């Protein structure tokens, strides 16, 4: 079935069509479950003035931090940007625009973008800077603010296994923002550790159905650990 | 760990606390994936003036149709009520109140109810009877209506396997409305075909985390087929 | 001679594209699944949560937990996925389905569709139809051109409760293939052995008949 | 003598209930996990998607794909579940978490909390904190009663950007356990060897001192 084979042979083809000024939605939490190779490809291509939507922005020398360092990012929509010096410097210098968004609201905005819901009410952020200028409404005595959906020109995600039709399964907590990101891109590109044949994944256990995935590529992941904490056995 | 053991020994205890006039959210699509035994228990107890939220309302002699026949339902919120004569008669007699709700909107209303989203915009139903009296807003040149969340006093769902902590896995298309229903009940009761021990279900493959399930009971399901269509091999 | 239900399905199937995700309604639309060209792969979605609908099961394969949106037993293809109703409708409402084929009672020149209720006669509910017409970018309506008693179903304005507004652009009837543009039906193709006059007589809404109206090849 | 971080965690742990789902923030709140009474089962949620957080891994168990919300390597207990960020926050925002324990920079008598930003000094972002305070029914704030320079963190009105409004009712500091009622702090317990005068001096917002203020048992 050539019709649903989403596998592309190169990173170059995986990110074909990316242009300056586009909005890129990225999966991942910290450095966990980030599409490392797709990010590195964006760095290689050098596309700039990007708006990046991602919970975090990597670290100085890894993940989305690479694009920060390379000054390819114009605006970031994220919930947490700590532990990144390059980022702090660009913010102080005013060369980057930051839209801090609560983590749950960010996840829900991506989901809404993929699900045809242009806006929803949430209690998160009411009465704070996040709620400023947003519509307020009371339901059952509690105040909520109206938040709008996010969609992107590209969504880039990282999965564990993917079949040729683009069905994806995530590993452990590397799932995080990836399923929602995958639904919200006009073009969604998935980087997987292993490509399997259709039918190998249990249909009821697929996290991201292939309908959301336009391109699939196998990539070796470094999977860097941000905070290595252990106990003695 | 007694603290998270959700297993109850009898249907009576599973539905303890149900009262006349309550709102019951039920999983299932047609007769597929319905909590047969929990419904039968409601019939046995005889609670009446119920508001039932469910995509369908069973057939004349099975599923929620039993509660219709027994005149226990005051109001139904559903997307499709065809193929049920008892229902039609009660509607013509005016003894039952029906709120027809588009299927996708119904699923989203349940999800919203469980997720702390009191209302959301959707294009579904704009310009139709469903949209009458609802707020309209335009986003990107398209019209949307504001729909509100649904929550219930009880949610009753049917799963395939459930562990003692209430983690649930659904089988094939018997998943349908069950995961959303499970999140939207003040008390959520799950009927499962098989109870397993915590740790037997893969954490990343759980459809409904145990946090949503208050009571769990094993029940033998008849699993009636509404439309048996086959091909010759 | 009016088209058979199979011929109508075949006409719709001509619009299928390789690699597309398609939702088929109950009735004539269901038949489209049998008309996919051999050189083409199409994946069918059933809105109760199954993406990748297979054929009906053999007697041995029948499983009460595996049904389609028509509540009939069904199978799944290799490479299918099964999700919750909310996730299934996220595909539909989010515009991810490439083609939707639906039946209807009436369609009008504004692109409105009525398909779920005949007041006083029939109340079954809209099921997923309102979501499908609101979420799809590409919708085909299939229905007979007129009722058994000869009443047109292609109207200036729908008289039955609407399923959706301004969403229908393409209609395949047993007599013709029509498009809707600028509040007019445009006759694009006619069934073999059906005269244009007959189609005009059975179309209540304003109908444009271009100079060339080709005969449907089904 | 002010409480140690461990003592503060132990005081919070006294509020744990058998069979409850708890979210712990970074810092002192994290220590609460070590103080669960033996006769009690509590399940910890990490908002990046893990319900049923286990201990840190051994060297052999370390897995880059298994982290907590502090981005540290972690394990999962038997009976845990792992979901997407949207589903994880649905638990939080939908009010399904029984207890949330958070750090803060400031809390005021209106129950407002400031915890994510010090303008001009520190911008890390709110992460999941705004969702947690908006979604939880039962929140404990743990923080030192005053800054290192002696400035009260229990204010008449927060001066830093707010994380949430009107959501905090219970605070454990290194000097006291306080509740917020009717726009006042109420001193419920004091640390051993800490005088009520000292607490009054370090509490900027209006403080009610009941006749009996018991000594914290930690």
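Read from first to last, the chains carry the letters A, B, C and D; within each, the first residue is number 1.
Rule of thumb we're sticking to: a contact is a pair of C-beta atoms (placed from the backbone, for glycine too) under 8 Å apart; a residue touches a chain by one contact, two chains touch by 3 or more.
Predicted model only: the values in this text are computed from it and were never measured.
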Number of steps on the shortest touching-chain route linking chain C and chain D: 2
Chain pair with the higher count of C-beta pairs in contact (A-D, A-C): A-D
Euclidean distance of C-alpha centroids - chain B vs chain D, Å: 36
Whole-Å separation of chain centres (CA-atom averages), chain B against chain C: 29
Chain A: positions in contact with at least two other chains: 108, 111, 115-117, 122-123, 171-172, 175, 203-204, 207
Per-residue overlap in chain D, given as positions that touch at least 2 other chains: 50, 76, 82-83, 89, 92-93, 134-135
Which chain pairs touch, all of them: A-B, A-C, A-D, B-C, B-D
Residues on chain D engaged by chain B in the complex (per definition of touch): 18-21, 40-43, 45, 50-52, 76-83, 87, 89-97, 134-135
For the chain A and chain B complex, residues of the former touching the latter: 108, 112, 115-123, 137, 139-140, 142, 144, 148, 169-172, 175, 203-205, 207
Residues of chain A touching chain D in the complex: 29-33, 55, 78-83, 88, 91, 98, 100, 102-108, 110-111, 122-130, 160, 171-180, 207, 223-233
Sites on chain B touched by chain D in the complex: 1-4, 111, 113-117, 163-165, 167, 183, 197-199, 203-204, 206, 209-212
List of chain C residues in touch with chain B within their complex: 46-50, 55-68, 70-74, 76, 82-86, 88-89, 92-93, 112, 123-131, 134-135, 161-166
